[in-house]
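Taking it in order: structure first as structure tokens, then the write-up.
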Amino acid sequence: MKVLAIGSHPDDIEIGCGGSLIKHRAAGDEVHTIVLTGGGRGGDTAFAMDETLAGTRCVEAHAGAKIMDVTVECWDYNDGEIPESVDLINRIEKVVREFAPDRVYLPYGNDTHQDHRMTSHVAKSACRKVKQILEYEEPSSYNSFSATYWIDITPHIEKKMEAIRAHVSQGHKEILKAKSIEGLNLYRGYQSQVQYAEGFATFRFLES
Amino acid sequence: MKVLAIGSHPDDIEIGCGGSLIKHRAAGDEVHTIVLTGGGRGGDTAFAMDETLAGTRCVEAHAGAKIMDVTVECWDYNDGEIPESVDLINRIEKVVREFAPDRVYLPYGNDTHQDHRMTSHVAKSACRKVKQILEYEEPSSYNSFSATYWIDITPHIEKKMEAIRAHVSQGHKEILKAKSIEGLNLYRGYQSQVQYAEGFATFRFLES
Amino acid sequence: MKVLAIGSHPDDIEIGCGGSLIKHRAAGDEVHTIVLTGGGRGGDTAFAMDETLAGTRCVEAHAGAKIMDVTVECWDYNDGEIPESVDLINRIEKVVREFAPDRVYLPYGNDTHQDHRMTSHVAKSACRKVKQILEYEEPSSYNSFSATYWIDITPHIEKKMEAIRAHVSQGHKEILKAKSIEGLNLYRGYQSQVQYAEGFATFRFLES
Amino acid sequence: MKVLAIGSHPDDIEIGCGGSLIKHRAAGDEVHTIVLTGGGRGGDTAFAMDETLAGTRCVEAHAGAKIMDVTVECWDYNDGEIPESVDLINRIEKVVREFAPDRVYLPYGNDTHQDHRMTSHVAKSACRKVKQILEYEEPSSYNSFSATYWIDITPHIEKKMEAIRAHVSQGHKEILKAKSIEGLNLYRGYQSQVQYAEGFATFRFLES
Amino acid sequence: MKVLAIGSHPDDIEIGCGGSLIKHRAAGDEVHTIVLTGGGRGGDTAFAMDETLAGTRCVEAHAGAKIMDVTVECWDYNDGEIPESVDLINRIEKVVREFAPDRVYLPYGNDTHQDHRMTSHVAKSACRKVKQILEYEEPSSYNSFSATYWIDITPHIEKKMEAIRAHVSQGHKEILKAKSIEGLNLYRGYQSQVQYAEGFATFRFLES
Amino acid sequence: MKVLAIGSHPDDIEIGCGGSLIKHRAAGDEVHTIVLTGGGRGGDTAFAMDETLAGTRCVEAHAGAKIMDVTVECWDYNDGEIPESVDLINRIEKVVREFAPDRVYLPYGNDTHQDHRMTSHVAKSACRKVKQILEYEEPSSYNSFSATYWIDITPHIEKKMEAIRAHVSQGHKEILKAKSIEGLNLYRGYQSQVQYAEGFATFRFLES
């Protein structure tokens, strides 16, 4: 199986579907990831873009990817400015055509963060021939997110936490976030009667 | 894999998930089905219960099941009067405990037909430990039904139509219904880029 | 009665509301249609714009319109790049002011295709004084589309199919699409207790 | 055109669709109404049933109906106890078969008042062959009610208010309610660019 | 301020809004709670009612209430059989009239557990004059639950956990549940930028 | 308490939350407001921008603000062209950082007017650290708006009407609008058992 995950900023993928990606790798699946921005504002559009930070966070994205044992490419969109543009759709679609994923993980489309919304919208357009699209959950996706698909990540929770913690430049904020995500995964696990799980909204799933 | 499908009336299961059940059988899965009522009113509560018709329709349910190559049991609730009761929940739960299905197919919970709503509600309570619950689509479930899960039934569409046509006592109405369902499956197929597909709402799906 | 239909690409109008437009004409209503793009990518943003194809598809839009016996104008937006812009809103609003439609047919606003979403949004802004707005259904609008308004198109299904087949440059893909739409219309017909019907989401309907 | 309106308690119909019924009568349509309970608790289940009040309110229902120039029958269910039962479905269905309405007005199905919910559910089952079903709005239906269908009642607002005020046993509470409904109708009018309008959720509308 | 919380089974209140109740008490608010069933099946309708267990769990409900420093009354409905009945509405309404709460906490109305759904529906009818109604979150309420109201419970998380652990008869299952709820509260805290929070759906809130 | 309200055009704030702002002032709260456009088209994108009108309407915005006793700043975006841009997010965020509001009032995010949608989206991004966000209701927000939060504005309805009427350049249209809003507030009042109320959708509310 070939799996593609797309995130707006470094650490989005680890947070939303890191455990599932690690599980795919453990099952021998091929996993590729794309991070659209360097995260040069630390997720905060109020600060001017910091190219150095963007560079640092991209290095951390590679560190996180290495822990998850997946490939990653960092694109050059500016934090907070991901456009709903044809160019971006085409760029993603090129990867989709070449890599030909069986499943794609995307941010939730009704997220309160504009970058997550845009990433979800453009990627859905680019992935319109992909058979399985699951939308992952982040703290900013509380707005009408309804989990319908759970993936048991019990054996992989430690490694997922390690991958999130690779984003050291985010400091204490990242540690808090990691803990809250572990809490969420424990809750999603309880809901689905396993120990740790990631929850997804099923956007489109074809059983062929 | 063990699969359970539950329907309110004879022919509901064939219509909503017949192709998927045939596919499960072709893959060697074990498939059991339960029909809650004998359909003694032909789906029309305005007519008095017709015990003979209920008997006839139960025979047809067995004919349909035979074509799909699945087991079936007909229960004794009255057409139009399926209750949201603990007794019914317990009765379904007993089957669930003994048969231990990996997946359950149910009517859509927001259907405009009261029997379909009740069946969906009680079965979800009874199946709260089942890992995969998919809600199937019927003409009465137009009300906010949103397909998120598709199953490719291309090789099985002929047999599905045959199973629906086993409900001969419903006469011309059943033939019209069968054709409209074939049309829907063709449309769902086009949406998911195969030839024929059944569409489902993903109620709960655990990938373990 | 004066009726306006707006589509993103050649064939969208035929697919979503072609039968209803033919019915309006049969009842003596005046019907005008606007196609926003020439469809130069065949609906596929991965391919570079093909001006010749855009020209060809516009010719086919006229052929389809002729079969439906409606007027049509093809606008010059690029396939996949319909903008949520004031210019486009103004351009549509100019038509609305001059033609003064009693009813408008639009693509569904929560469609998974970006052009359909944009067309729906800008047209709703431009049509804010139109009394009846119905959103039509296409294969890409599965995402939460809920039919609440049905139009019986039984006498007009043949001509509708003919109008879709006028889009010959789309080849085999168009024939598959046409069949799936016929299937959908048969299903929507069964739901509403006629033979063939088109289903719509009621966005706004004033009975004056 | 033949029109049926169903309400849970005396005054529900006047409030939700009284202006539209008066308009139907002005257009020469035949209008029949059913009130399921005598309203013996004044809408307040905390008080014991008051048979005399139920009788009084039924008399007022006739007074309101007379003002609207429609026929009415008061049924004998207890205020607050309308059941989701087959008997009630059958009873409504009998009227539907005999009167054969082209359009039915019902309470909103997701109302916070249990009687309104039940009335809506059972009536939808009973009216499954009726071509037009519109759900009307009451103060208790704020919960996700979304108006999609408006009826201009400008020439009839005075008579509607008079019909509501016929429910004199409800005293000051009814006068407040009437004023708030007039306010709502003015707002719905502004939304739809007329003076006074009633707003409805389109449950099912077949244009044949 | 006077606060009422209603739960279907012993431990529901602790789980869904225990931290908020403790916070109310710390602020000097008066807090009363009602548990509708003795929980005689341990939440599992497949087992016959166990009167002794129901008694035991009621004792634990008092232990939990004591830790939260709130009053509690255990009612006598059977686990899994909470009815949508006028009697139950009246019984709750009697408490509401006498206690006159400013705020009520209820289970989520679209929960997948039938008892939670029924409790929410009947209580909303009974509380129709209460100014603030918040619906709390439990593992069975994943189905379309959308948090819009958060309460910071950071200083009270320890005591909340202690109150949940008072339900010792539920054994290991309760300990797992407690941990998953602590995880959820940590996540809800991160979302709302505090340490621990409980999330609610705002059903009705009047700021007077 | 510090309160910020943001509107797309002059008079939006008065209409949607004017009564609540007056109430905040009466309670001694600090209230600041931002109007994003001068409203140079009178809300009608079909007319060319009228700079003089934009100036006039900005003067009226100040008159309305004076009546409500709040501060106001008029920004320079063009009517109908509010962008979903990072620049606008940053500009709002700068105000949020400096003013540090405890509560923000915004237009409803699913409004049918493009300016209202954009204002809501960008402001939510800019206000992601604000603890209370309420979305106000306008005639163009009928589309799925569901009131969950009510504010009693009974003592302030007269002053609210006066503030709306300050927008004299809009002439008769404004007077009609004001009356319809008074009607809506009377209805929202009846729903929440006070005399006049404004209704809001609870986007995010943290009780700390």
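A, B, C, D, E and F label the chains in the order they appear, each numbered from 1.
What we mean here is this: a contact is a pair of C-beta atoms (placed from the backbone, for glycine too) under 8 Å apart; a residue touches a chain by one contact, two chains touch by 3 or more.
Because the structure is predicted, anything quoted here is derived from the model rather than measured.
Participant: Name, by label, each chain that touches both members of the pair chain A and chain D.
Facilitator: B, C, E, F
Participant: List every chain that touches both chain A and chain E.
Facilitator: The shared contacts of chain A and chain E, listed by label, come to B, F.
Participant: Counting a repeat as over half of the contact pairs in common, which of C-D, C-F or A-E repeats B-D?
Facilitator: C-F
Participant: More than half overlap in residue numbers between the two sides of the chain B-chain C interface, or less? Answer same or different.
Facilitator: same
Participant: Measuring centre to centre, with centres taken as mean CA positions, what chain is farthest from chain D?
Facilitator: Chain centre farthest from chain D's centre: A.
Participant: List the centre-to-centre spacing of chain E and chain F in whole Å, with centres computed as mean CA coordinates.
Facilitator: Computed value for the inter-centroid distance: 36 Å.
Participant: Among the residues of chain B, which ones contact at least 2 other chains?
Facilitator: Chain B, residues with two or more chain partners: 140, 143, 203.
Participant: If every chain is a node and every touching pair an edge, decide which shape results: line, ring, star, complete or other.
Facilitator: Basically it's none of the tidy shapes, so other.
Participant: Okay, what are all the chain pairs that touch?
Facilitator: So, checking each combination of chains, I get A-B, A-C, A-E, A-F, B-C, B-D, B-E, C-D, C-F, D-E, D-F, E-F as the touching pairs.
Participant: With touch defined as at the start, can you tell me which chain F residues reach chain C in the complex?
Facilitator: Per the stated touch rule, the residues are 45-46, 78, 80-81, 112-114, 140, 143.
Participant: How about chain C: which of its residues touch chain D in the complex?
Facilitator: Residues 129, 131, 148-152, 192-194, 197, 202-208 of chain C touch chain D in their complex.
Participant: Any idea which chain E residues touch chain D in the complex?
Facilitator: 84, 86, 89-90, 93-94, 97, 121-122, 124-125, 128, 203
Participant: Sort out for me which residues of chain B touch chain C in the complex.
Facilitator: Where chain B meets chain C, its residues are 139-140, 142-147, 176-177, 179-187, 189-191, 199.
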